[in-house]
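What follows is a pair of complexes built around chain A, which joins chain B in one and chain C in the other.
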Partner chain A sequence: MKKYLIIWKTLTGLATSSYLTNRVDSISYFMGKLIRLSFFLLMIIVIFNKTSDLVGYGKYEVIFFFSTFNLMDVLAQAFFRGIYFFGNDIKNGNFDFILTKPINALFYSLSRLTDILDFIFLAPIIGLLIYSISKINISFTFINYASYFTMIVFGLLIIMALHIITAAINIIAIESEAAIWLYRDSMTIGRFPPEIFPGLIQIIFTVAMPIIIIVSFPAKAFLGILSLRAALFAILYSVLFFALSLLIWKKSLKHYSSASS
Partner chain B sequence: MKKYWKIITNEFQRHLAYRANIVSYSFGHLFEIISQIVIWTVIFQGTSMIKGYTYPEMMTYVIIGWFILFATSNYGFEERIAKDIHQGTLSNMIVKPMSYVRYIIAVSMGRVVIALITVAVIETVLIFLLRNKIIINLDPATLLLMLFMLLVAFFIKLLFSILIGLIAFWIIEISGTYFSLNIFSKFMSGAYFPMNLLPAVFVNISLFFPFIYTFFIPLQLYLKKITLIEGLRGLGVELLWLFLLYLLIKLVWHFGLKKYEAAGV
Partner chain C sequence: MKKYWTVTKNSWQLQLQYRLNLVLWRLRSITILLVFYFLWLNLIKENSVFAGFSQSQIFTYFLLINLLRPIVFDGQQRRMAQEINDGSFSRYLIMPINHFLYEFSRQLSNKVINLFFAIVEVVIFILVLKPPLTIPSDPQIWLFFFLSLFLATILYYFLSYLFNLTAFWSREAMGPRFLFDWILEFSAGAYFPLSILMRSFFVFLSFLPFFYLIYFPITIYLSKTELIGIQQGIIMQLVFTIIIGFFVRWAYKKSLKKYTGEGI
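Moving on, here comes the complex of A and B:
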């Protein structure tokens, strides 16, 4: 465990140096993310100029859902950015070099690049979360915060599993970088409360592509509207989903053809 | 001209090998449109009009807009140009008897064909499924003008991408620059939501940039919110921007080549 922590710290240090070397580019990236966040916030404000509630949620509750979506998205980017290079490693046969390293290949592939900008970007998101919480007219207790963090942890477990599955698909299909983008695109479903979608879509995005568990469950847990049954289901689901992803990863390794190497 | 045609066909054939990837990308973008359809449907349950848009008009804006967005996209040529400059592969190109910028334009044209076919098929299915919720405008003059506007829009976006890519003559990393500029241009074009939902100042500012003419104005023409004459004026402004961008690229290329060190050759 200590060894991996040291490796992660080293990789993160290297990533920081890289971001600092390209300061202008890093600032541009950060500004881009900030502009995008602002535009979507503007969109929510525009929507609430025309309606007092969205499927029963008030403006600040919707902003809270939106902030939680951003939080999960940014955390995934910050920790698992390395997977975006995995497709190229497979195509060029560079995965051979990773396999020969005295380190878990999956750990290295997931965490080879820590997105420092996303860590910094957590600041405005947390600010937005605090702002929206302060505006929601409910007194929150320790239980709300604890259940929020618990659901976030299990949501991250699912996100990690999804990243592992996309890596496994890359190994099997070689030309399938689109898998990771399919995940990124489907995450957009989580920008708004899940109740806006018809029942069937809600089921699909809870069970088949668990975006609702990742994004909406933490927000609902915080607002105190997530049933205990749903919370237990989410915990069990995330553990099983993670185990399944590891199984798929192990199976996929047997298909690795070392193409181009 | 023959050599550029060959580049277009070669690139098309090369991309046939990655057709599954391209189709997956296009399907991935469907999630965004699903979100927008659902959100506006929910909002319109409580009101019949939002800032001059009825429900069918908003659905049309989303559905036809989705097609316009992807039909005029060129898929990341900024990175490719930056790579050519930084890895020195540009040297191979500048000694050949062809213009590098024209080469990139030809490659881009070959590349978009499969994506365009995929998007057109998905769009046809969407229009069929939502035919009762959207406005079908079959006026030949409007469609013809729109077609020209979209064609010019494709080249405006492509030249803009090339211009950003050429910044790589001066800076090492350009991905952050093009990421933020892409978000800015997408917003200014009205692709996130109709510009006129915002205070008038946003529309007034966006008229000084080319992006609004690549998305919002063609859609306003389709929705008959502007006349054919106003549409023609929009096309004129588009052509002016196209010319300006071309001149700017020529200028940047001229000074950029002086800075080029052919590192990595």
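Moving on, here comes the complex of A and C:
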């Protein structure tokens, strides 16, 4: 464990140097993320200038859902940005060099690039979370915060599993970078409360592509509207989903053809 | 023209080679379509109006975004900046081609493939969800719509090409391109109708060329723009296209002198 912590720290240090070297790129990417956040926030504010609620949720509750979506999205990118380079490694056969390293190939592939910009970007998101919480007319207790963090942890476990599955798809199908982008765009489902969707779509995005567990469950847990049964289901599901992803990863490795190397 | 047609055909074959990638890519846009459809379904009840849009107008707006995106935006726009930055752009300099036309020919296949999938998605969407839709009956509206769409496609290509030229001046072109794309897509109305925004912000956006890429053609289709407004808008599209086209020509010549072929 200590060895991997040292490796992650070293990789993060290298990533920091890279971001500091390419300052124009880094600032532009950061500004782009900020603009994307601002425009969607503006859209929510404008919508609530014309209506008082969205499927029973008030303005700040919807902003809270939106902030939680951003928190999960950004945490995933901060820690697992390395997977975005995995497709190229498979195409070029460079995965050979990773396999021969005295390190877990999956760990290296996931965390080879720590996105420092996303770590910085956590600041405005956490600010937005705190602001929306302060505006929601409920007195929150320790239970609300504890259940929120618990659901976030298990949500991150599912996100990691989804990243592992996209890596496995890359190995099997070689050219399928779109898999990771499919996950990213599916996360869009979590931008708004899940009740805007009909039952069937909610089931699909809870079970098949568990975006609702990742984003909506933490937000609902915080607001005190997630049942204990749903929370237990989410915990069990995330553990099983993660185990399944590791199984798929191991199977996919047998398909690696070392093409182009 | 034959050589450019060959480029389009080659690019077409290359993309169809990676079919899973293509399918996964299209699934992405379905997800986004679903989100905005159900969001607005909850905001606008039947026979009511929200921010000046009826239910059928807003659903038509989002389905048209799905159809217009491949025509106006798609086409691996960032590839040129990447090629300049990694030096592989050098090969075009020794080819007997006009790079401006070559790049467009390459992007054309991407646009056609994505448009085909977008049409299939929209048809399935309509058959399954049966949303109320707005279909203009006036042939003049259709004519203006297609004219503004054609101009929007050319205008976006010019804007995109001009921005890619920054890669000649800086090794760090991808970050600014990312920033440019987000500003452009939001200001073009590719995520929501711009008229729901505050009046002052909306007026400000209407002075930008991005306004005329998605929002303007769709408002023509929805008959939300008066005839005089349509004529003024099309003149604005033409003016922007000519000005930016001139800049592209000037900047390309200037930029080539800065090219070092770094990374070959």
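Everything below uses one rule, namely that the second predicted complex is superposed on the first by the 261 of 261 C-alpha atoms of A that agree within 3 Å, B and C clash if a C-alpha of one lies under 4 Å from a C-alpha of the other, contacts with A are read in each partner's own complex, and residues count from 1 in each chain.
Operating definition for what follows: a residue touches a chain if its C-beta (ideal position, glycine included) is under 8 Å from a C-beta of that chain, and two chains touch if they have at least 3 such contacts.
Every value quoted in this text rests on a predicted model; they were computed, and no experiment measured them.
Participant: Quick check on the superposition: with chain A as the shared anchor, is it clash or fit for chain B versus chain C?
Facilitator: Pair status: clash.
Participant: Which partner chains sit in contact with A:Ile35 here, chain B, chain C, both or neither? Use first/second/both/neither.
Facilitator: both
Participant: For A:Ser257 in the superposed arrangement: first (chain B), second (chain C), both or neither?
Facilitator: neither
Participant: Contacts for A:Phe197 in the overlay, against chain B (first) and chain C (second): which applies, first, second, both or neither?
Facilitator: Both partners, chain B and chain C.
Participant: Is there a shared patch on chain A that both chain B and chain C touch, and which residues make it up?
Facilitator: 22, 24-29, 31-32, 35-36, 39-40, 42-43, 46-47, 50-51, 54-55, 173, 175-179, 181-182, 184-186, 188-189, 191-192, 196-198, 201.
Participant: Residues of chain A touching chain B in their complex?
Facilitator: Against chain B, chain A makes touches at 21-22, 24-32, 35-36, 39-40, 42-43, 46-47, 50-51, 54-55, 173, 175-179, 181-182, 184-186, 188-189, 191-192, 196-198, 201.
Participant: Sort out for me which residues of chain C touch chain A in the complex.
Facilitator: Residues 17-18, 20-22, 24-25, 27-29, 31-32, 34-35, 38-39, 41-43, 50-51, 170-172, 174-179, 181-183, 186, 191-192, 196-198 of chain C touch chain A in their complex.
Participant: Which of the residues in chain B end up touching chain A in this complex?
Facilitator: 17-18, 20-21, 24-25, 27-32, 34-35, 38-39, 42-43, 46-47, 50, 171-177, 179-184, 187, 192-193, 197-198
Participant: Write out the stretch or stretches of chain A touching chain C in their complex.
Facilitator: 22-29, 31-32, 35-36, 39-40, 42-43, 46-47, 50-51, 54-55, 173, 175-179, 181-182, 184-186, 188-189, 191-192, 196-198, 201
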